[in-house]
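Take a look at these structures.
The following pair of complexes shares a single chain, chain A, combined with chain B in the former and chain C in the latter.
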Partner chain A sequence: MNLAVNFPALLVTVPLIFVPVIPLLGLINRKICWYAAVLAITASFAMIMTILAKVSTEGPISYHLGNWAPPIGIEYRIDMLNAFVLAVISFISLVSLLFGKELVEKEVPEYKHPAFYSVFILFVVGMTGMTVTGDLFNVYVFLEITSLSGYALIATSKKRYAPMASFNYLVIGTLAATFIVLGIGYLYMVTGTLNMADLAERIKPLNGSSVVLTAYALILMGILIKMAVFPLHLWLPDAYTYSPSAVSAAMAATSTKVGAYVLIRLMFSVFDIEYHVGSVPITGIIIFFASLSIVMGSVIAIAQTNIKKMLAYSSVGQIGYILLAAAMVNAEALTGGVMHIFSHALMKGGLFFVVGLIVYNIGSERISDFAGIGRRMPFTAAAFTIFSLSIIGIPLTVGFVSKWYLVLGAISSGHWYAIGVILLSSLLTAIYFGKVIFVMYFKGGHDDHGHAPAAKLSEPMGMVIPMAFVAFLCIYFGIFATFPVELAAKAAEAVLGGVTWK
Partner chain B sequence: MKNDVILRTVARCMVPFILLFAFYVQAHGEISPGGGFQAGVIFASAFILIALAVGKEKAREKFKQKISDFTCSLGLMIYAGIGFITILFGGLFLEYGKLPFGSAEKGNHLGMIGIELGVGIAVASVMVTIFFEIARKEDD
Partner chain C sequence: MIDFIAAKYNYLICVCLMMIGFYAVIAKQNLMKKIIGLSIFQTSVFLFYISMAKVTDGTAPIVWEGAVRYDNPLPHVLILTAIVVSVSTTAVAIALMINIYKAYGTIEDSKIREIEAGESGGSVSR
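What follows is the complex of A and B.
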């Protein structure tokens, strides 16, 4: 028995086995559910880190489920790109669980806790499965697992509008999934295979086929909805605003990134890059919508008065960067894009937690009610400031590193207006985060009649430590960026395989 | 409808046959069309028929929420558990041939019957749960 060989399957199935176990544990004692969930994600995270180390030294891993050889059996294939994305997903989910314990206790009714943790694990299982698999239909199945558990997680909130937000997401999400499965069906029809590596080989002779083009368009459409790129983003603000804070953090940090991963995988590893820049300017179209998403997401975010909505629209803008990076098709840009998957996960996850804590304390999500938070919750406000600076892209933070590589990529492939979009968006981002920071530090404290500042609000240690840790990582990787950038560069290299198109 | 004598009688006649058919489909899963999913749905449909005939409260007493929650979990645990057992015996995940039944052929047969059973149990209990959850809503 060699356990390490089975890690690619176990990193999905070990948390999966906890999904039915947690509700059973909940029948005995509701308190232990959280510990079981942490154990499940920790086990998965440990396996993923082992795999990441192995892949970066020894090259891609291929795992055949049930020992059936690939084109017929299901293959789990891990190269640098998915190893990197897996590490990000797993790390953020773990931090969300550790950080989210108290928030979940406050925001989710107690009798729902076992089901909540069980579905949360299922959500993570779906995302890791989608990332680890080398089989296109498997991607669809895991996408549905992720989405369905996501709808359920949003609806666990006590807020009255939460079921409606969840339902809207369900309708739009199902539409997206239908597009994707239809596209996969077309591909299967003309190639007779679902294995991605095999599919890539069999698609080559079909260059110019309208069926393949239709399939590509359908899948692209589905993924863009799942990623919430600008005109298709309507489900996202409500979903993030009305779900419990732990869920908003985990979803904002990971679920749209997994969509981005699938898109990058399909663009470079399945569909021939020469093919889709030839007859139809697909990359041009993607760049247009990515730019639109970056600018519009930021502009709408400025207009928001609700802090969670603001962060949600900011996510719409940020996902545009990753899309832009993928569509520019060169090593530097893609390094920046993969890096941004990591840095945005850190920043946005952290922001949603900080906001969750503040909102719990003051009982309001309106930005204008944040007055005086700088004095009343000093650690939390400091963490918010660090995350904001990082998202704006101030040097010495991790957000700067990914934007730097994006700009380098845009220069080397000659997309001059993309540089303009990135800089403009940084400015807009500075405006809407600056507004919040201004309110937190420079307003209130004393009320209108000159009374003494309000008392400090509680900042439980169990939440300050993970928050400080993530904020520390934001700065640490901003200064010592070599480690994540090297991994991201390897990932970009693995997926591009030397292809650079101008 | 609840006290309709025709419905009750027909249900009483039908249920054993539906259950038998469910087991038939279940048992033939690994060599012919059928299997755990279909069998689970057929099994649950027998139960739903009982609930329609005698009333959902009475039916729920026979298959309590706690038990159906447990069987939901049990089904999934059987499936994944067999996967883990194959790893323990030195195979890859769900490589039934490595199960300790003598030959690879036997291992394949029994392993597949095992996971189909897991699927059947899980699907049947989920179907029943969904039915009762939806039926419950009209009372609240």
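What follows is the complex of A and C.
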């Protein structure tokens, strides 16, 4: 019996076993919980990297749970797109766990730590499960696992408004998930299957059926709420602002990306491509809302005085890029979109951590209170600057690479106004990040009369090293972009070419 | 019209229930009422699944002599899972509500907003 064959199932179940174990360990010693959590995520990450290597050389893996052949049994199906998204989720979760240790100790009451790490693992398990599965109902179940653990994580914060932010997210998130499950019900009614690959076959003769279109609309609505695309984003700013920084980092970097993955998977692998270019202008509608999200997210971000809210609205804008890439339906744009899943996860995760550290030290989330941080916390401010430049899309950073492919895709598919939107948004992004960088480096902390600048603030080594590492990756993959871009291009090819899923 | 209602009444009931739940979630200020609305909203979808599993002349999907046809058991199983999810959602929501009550002393959405706006000088944007 070869263990490696069972990795697709084990990468979900092994961390899942740790979920009840961690609170039990917490009864013995609260300090072990963090190590156990790191062990769980590391195990999952190692398995995912093995699978990624295998998929990129040998092609997609289909794993039948309990040896029941699909479409009757549940299938875990991994092609390049899944594998790539899995690697991103797992890597970012691992980094946030390593990075977040000190922040969690500061922001979450100590008696909650065992529960916190346990729920954090559950959150990651939900996301990996959503990504790895080839069964539509499984997507719903894992989506709810992710969401429920997400609500709990937000509410662990000491801030007074946190449970209310979490409650609002719960109400909106549950509505979204119920829309998705209703849409799945419609699809099951007309096709009698829940397996994605099987569904794709059976949906083809139903082209133009109003039931399928309704199902598509319901599922799309649910996913767009989960992705926080502009008019449906209201839960996101509060959820990110009032949660502990480690949680906002992990959520901003991963959970909306998984929504984007599910959307790409459904658009290209389940629903026939003709739905997007046929009589109903679905792609046109998605492109409209993606553009609206990109512009409005950036415009509202400029007006924010709270740094975490600014980053949250920036996320609303950035998720629009991935949506835009998916809706343009061509290889280059989709490469850019998949690449943006990776680069935005790095940049936004990094930004939330940096901000978490600064906020902890100065005790304020107002941008105007960041004056002099450039001198008082030099490493942190430098990392913030690198991440910001990357989000703006300055060349030699990873953010530039994904935007470059997006623009190429927009040119080759003739969406000229999309290029305008991308450029306009880069400008707006430069304004709101420029404002923060200006305050950090050029305001306060120094004067012309040689007075000593304010004392330096602590930057624990345990946080500087992961921060520097992520910032280094941001630049490294910006210069030597071949490796992630090749993976992203293979992923785009896998879903567009119909090689693996049809 | 009557024929349509007679043939599809189960789905119409689902839609009515769904809208009742949706209305409660949107319009009610009391958080407990929102949770109740959310439960009704979810339950309507469960009913939708259960009613589509019914096959004409079908009986319960248990092997017994004299059975002509069986109902489709798969939606039943799916909904068992979904009910578990729904119960967990309600549990988490109520737990959050208790914490909200501890923090603010009220579970009226508008009052919480007033308190929050009063404390932070109106900086809680919405």
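In the analysis below, the second predicted complex is superposed on the first by the 490 of 502 C-alpha atoms of A that agree within 3 Å, B and C clash if a C-alpha of one lies under 4 Å from a C-alpha of the other, contacts with A are read in each partner's own complex, and residues count from 1 in each chain.
Definition applied: a residue touches a chain if its C-beta (ideal position, glycine included) is under 8 Å from a C-beta of that chain, and two chains touch if they have at least 3 such contacts.
Being a predicted model, the structure only gives us computed values, none of them experimental.
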{"item": "Partner chain in contact with A:86 - chain B first, chain C second, else both or neither", "value": "neither"}
{"item": "Touched partner set for A:487, first chain B, second chain C, both or neither", "value": "neither"}
{"item": "Contacts of A:65 with chain B and chain C, given as first, second, both or neither", "value": "first"}
{"item": "Of chain B and chain C, the chain that contacts the larger number of chain A residues", "value": "C"}
{"item": "Touching partner for A:170 - first (chain B), second (chain C), both, neither", "value": "second"}
{"item": "List of chain A residues in touch with chain C within their complex", "value": "137, 140-141, 144, 148, 151-152, 155, 160-161, 163-164, 166-167, 170-171, 174-175, 177-178, 181-182, 185, 188-189, 234, 237, 305-306, 309"}
{"item": "Interface residues, chain A side, partner chain B - complex", "value": "1-3, 5-6, 9-10, 13, 16-17, 19-21, 23-24, 27, 63-67"}
{"item": "Contacting residues of chain B [partner chain A, same complex]", "value": "66, 69-70, 72-74, 76-77, 80-81, 83-84, 87-97"}
{"item": "Interfacial residue positions of chain C with respect to chain A in the complex", "value": "22, 25, 31, 34, 38, 41-42, 45, 48-49, 52, 75, 78, 81-82, 85, 88-89, 92-93, 96-97, 99-100, 103-104, 112, 116, 123-126"}
